[in-house]
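In the part that follows, the structures are each spelled out as structure tokens.
Consider the two complexes below, in which chain A is the common component and chain B and chain C are the respective partners.
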Partner chain A sequence: MIFATGLICDSARGACGKGRPRVHFFFQELLNGLVLGSIYALVALGLALVYGTMGIPNFAHGHLYMFGAYAAFAAITVLHAPYWPAMILAVVCLAVLGAVVERVVFRPLRKAPEVNAIIAAIGLLFFLEAVARLIWGSDFRVLPTPYDKVVNLFGFIATQQQLIVIAAAFVLMGALFYFLKRTLLGSTIEAVAQSPAGASLVGIDADRVATLVFAISSGLAAAAATLIASISLIFPEMGFVVLLKAFAVIVLGGMGSIPGAIAGAFILAFAESFSAAYISTSYQDVVAFGLLVIILAIKPTGLFTRAT
Partner chain B sequence: MLEVRGLTVRYGSADVLSNVDLTIGTGEVVTLLGSNGAGKTTLFCVLSGLVRPSAGTVTFMGEDLARMRAGRIVEHGIAQCPEGRKLFPQLSVEKNLMLGGYVHRRDRRAMKQSFESIIALFPALEAKLGAPAGSLSGGQQQMVAIGRALMARPKLLLLDEPSLGLAPLVLQQTLAAVAAINSTGTMVLLAEQNAYAALAIAHRGYVISDGRIVLEGTAAHLRQNDDVRRAFIGA
Partner chain C sequence: MKRLKILGSALIVTALATTGFARAESSSVINIGFTGPLSGGAAQYGTDVQRGIELAIDELNINGGISAGGKKYTFKLVSLDDQYRPNEAAINAKRLVQESNTPIVFCPHSGGILALEGFNEKASPKFLLAAYSSEPAILRQNDNLVFMMPPRYDSYFKTWTALEMKRFGKRLGLLPTTTAYGNAWKSGFSEAWKSAGGEVLGDNAVDYNTTADFSGVVSKALADKPDVMLVGGPSQPTALLMKAARDQGYMGGFVMMDQSKFEQVAKVLPLAKLDGTVGVFPFDRYNGPGVQSFKAIYEKKYGKDREPNSEVVFNYMGMNALARAMSLANNVTDPVAIRAKLADAVRSLPKSKQALSLRGLTPAGHLQFQLQAEIVDHGSMKEIDIPALL
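And now, the complex of A and B:
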């Protein structure tokens, strides 16, 4: 596949080599799974947040992620911004774009049947892809990173960028969790999700919460895209692949559940990573989605009940 | 003071409220008696800014509420404890209460004072502060719902069917709490089907039927009224 897995696994597997002990090989795959799971989690968290709060399955989320990658790419190649300021710029740009999307596309459809929002999201998806193709063309691109050195970590081989992906993803997940659980503003998101009428009665503005949710969701997608774009590729259709995975993750975790999105992301990533390593890269999606089908057959509502 | 004049709410061609006049004076507890579907909850929704009136005026402390957003109305001093409570079931009791003071969130000292006064009013909640609101008994949830509304430091408290699903003893405790809230100067509009309980603490009352006010008077007057006794007290 074109998305992260192949590149991460192949490079790491090559470095690891067949002569290494099996236990090292296992932990190497664990590391690859962690990298992939970190990205899935950041993307799926945004999707779960929007669905859990507003009931919108945002099919354009993958394309907002794609725009995040291009925003970082433009910041580095056109503005010559260093890596971290480029990421911050991409996150801010996508947060603003997410807020605009909520205001212009989804808010007018708030009281319309759910299918209208779904169709609008699909329309937005194609619009964003067309705009990206118009600006950046259809070529594959790689985000330049200063963190391209290979490090040996207790005998395991990883690139600096892989370690940054994991660390940054966990910092962002921790920050989101803190915001939702420990701040009054974050609690308003959960309040609107659990009782919109109750939220209105205490003076919470549901429109502002919706804008905030879309901004956070899109910002997280931009962060994920910037993190992975240095070890993967940037291209206009990259949103489709990640969207499919992110939806699988939130269905697996329980629609709208934040802990479920995190757990689902790592389950899917480890399933892909280990099946690619121990069976074949050709079967990694078969195993991962097979596992999804089995888990849903046993627990149709997903692993976690909705917690937001 | 709250003054409602000629209030009409129309859904399609049907008038849910029709030419309603109602006033609440400073320090009063006013009850709104009516059966299911009479229009009590719609009137409350208008007063909270959730439903826009088709005609008529609603003024509170001299300001027109009819076009005001819900959040602005809470800031202006009207808080509602709705029918069915509408709590945030998975959030803790403490968070439910703190969210009640959302419009005053920048005044942390005042929020802390309000929180402490609510715990003093409902001491049973102190041991439950960390529990999800949805896990509490009906009576305790009612305390959280009233407490959440009080966190907004309202001048007028709207209570919609607080007796719903409560055991008689718990209802007595709830109404005693309402009387205590009123003793601090807070106006109360109490919508109830349980007229016996509501008239026990109200100064005045209105009877609403099919979206129209059909009777009004002092609590003593309504308690003696044969129609009220037949329809709501069962005597």
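And now, the complex of A and C:
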């Protein structure tokens, strides 16, 4: 029993307060919040990247994420690939799918009003969901993971997979940051994001950058999906669940800002897990989204706004 | 102008064709209505219910349909999607009755059923409501045109409370899903637990469909040190929640609401981790005289990739009973006449159609059989007899 190792209370029931080892409970919830924040961050990164570079709120991002989960699932169950190669395969598949989506759906709309791209993204979302239901049915599926063991970190409980999600979130955030800031290819994305006209003046091909951005964003979604699906479930509507939260996260962080997305993810996650822990699980979304409203009322452009 | 003419004549032709078609059909085909979730999160559930009805209809039609009043009739299922929404279910039911003349409408969710009970006796034309939901309130609406197929969930409260309290203790933690069904279940079971002398701890209901990770809510619930936890929602998220509890060292019992099914939960969680869990009777243990033939015809139509479950089998039995009632009533259009013969139809349903041994129909329209549940007791699954609530 984990509560036998509580830091303040002894193991006897009701020995202090309502019998809760308070400090221990706080850190357990902190760990839970960290897992949740990593999940939100992983999904929000790709969304922020596409919005930041191209100004498209990609409502289909959650569904690309769902396709990523199914791709990994297929790789593991049909091709019998081990976990990590399955993830790489899913990332490659989704990168290609993302590039195709950009080329077929969004590029023809680049000169059209912004609302056209939004409608296209929503249409894409329903299309992807219908295709997923056609291929895989509506069943819930479980992505097998070799990292299913429970780890006891100084009395705090997490599964290996949850720790991998946290680690992977930080690795992927770091890698994306490095790519955008320190590589030539990444700099071209930054350049287009800052000034599409200026970028084309110095010879950057905006079409290629757009394809690249969608490929990276979708690949990230696939990586996120493979990591998260092992602690959650795979089903055709799984994209909706994370999409709403991911949008809240990037609005909170400042539309299109990568550091903002990361900060927003952890703020939302901690608000949710601590309000659930100390107020009530029924109010966790109320508190989390209430906080969102308050932050936006004070700083309407979000926490991190790109300097223009 | 020419184009307009072509369009006009095309319209006339289509109109003629469709009315002619409908007329030809209504002479010998009985339309059976279904409104349920066919897309969205509960699509699989709705499809299973639909499959049960379809399976019965196919079988009836292959054998030449039914005869009523000296005439032969076959059946046709008309399905509309309501995405689990009560308001959509109500609109669908009206459409089914008015456009397709369905004397019977199947609905597999309590919200929709309660909405339809508001008007199924008053609508013109009236319709018989075939309800697949365990919500006891369905029977309290004084609806003379309802046929409730599954066992009501409050049947389980007393037996499950006694078993779990005896083995694990008196402290009950609440972690059900946040749907209307989950709330009703939670308050009903809490009452039963309290009246047996138990203590009900804080409410940690959580939306099973939108929660990405259950660890947080489980930590919260465990901080109250429950002996037994009430869990339940769709099977797979329920299994994840139970897994999170076991991962965090919880050793107590689980009361699993009847929406969650052992056969699905066991795919995520090994039996050892389910020890002390009570839940509804799993389909693979159904022991009625007709269960083998049911499995055979299911596999013949749908193949082996998706196994049948209680959703399919209850609606299969229900549709068969309704068809028989039409035959006994010598009437295929009047829901009152059909309902009047339903108890006889259930009693005389051939054994080959009974995947569970049926015992009849209550005056309120509730299907009866020897109700059982299941408990995981020190590594093995055991049956529990549940006394019927009338």
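Going forward, the second predicted complex is superposed on the first by the 286 of 308 C-alpha atoms of A that agree within 3 Å, B and C clash if a C-alpha of one lies under 4 Å from a C-alpha of the other, contacts with A are read in each partner's own complex, and residues count from 1 in each chain.
Just so we're on the same page, contacts are C-beta pairs under 8 Å (C-beta built on N, C-alpha and C of every residue); 3 or more make two chains touch, one makes a residue touch a chain.
What you see is a predicted model; the values in this text were computed from it and never measured.
A.B. asks: Would you check which partner chain A:Phe127 touches, where first means chain B only, second means chain C only, and both and neither mean what they say?
C.D. replies: A:Phe127 sits against neither chain B nor chain C.
A.B. asks: Chain B or chain C: which reaches more residues on chain A?
C.D. replies: After superposition, C is the partner touching more of chain A.
A.B. asks: Applying the touch criterion given at the start, work out whether A:Gly198 contacts chain B, chain C, both or neither, answering first, second, both or neither.
C.D. replies: A:Gly198 sits against chain B, while chain C stays out of touch.
A.B. asks: Touching A:Ser282, do we find chain B (first), chain C (second), both, or neither?
C.D. replies: In the superposed model, A:Ser282 contacts chain C only, not chain B.
A.B. asks: Please work out whether A:Phe26 is in contact with chain B alone, chain C alone, both, or neither, and reply first, second, both or neither.
C.D. replies: neither
A.B. asks: Which of the residues in chain A end up touching chain B in this complex?
C.D. replies: My answer: residues 184, 187-188, 190-191, 194-195, 197-205, 307.
A.B. asks: For the complex, give me every residue of chain B touching chain A.
C.D. replies: Answer in residue numbers: 48, 50, 69-75, 79-80, 82, 85-91, 95, 98-100, 102-103, 105, 148-149, 151-152.
A.B. asks: Within their complex, state which residues of chain A touch chain C.
C.D. replies: Touch list, chain A to chain C: 1-3, 13, 18-21, 25, 28-29, 31-33, 35-36, 39-40, 133, 137-140, 142, 150, 157-159, 162, 228, 231-233, 235-237, 241-242, 244-245, 272-273, 276-277, 280-282.
A.B. asks: Quick one: which bits of chain C touch chain A in the complex? Just the residue numbers, please.
C.D. replies: 39-41, 43-44, 47, 178, 202-206, 209-210, 212-213, 215-217, 219-220, 222-225, 234-237, 240, 247-249, 251, 264, 267-268, 306
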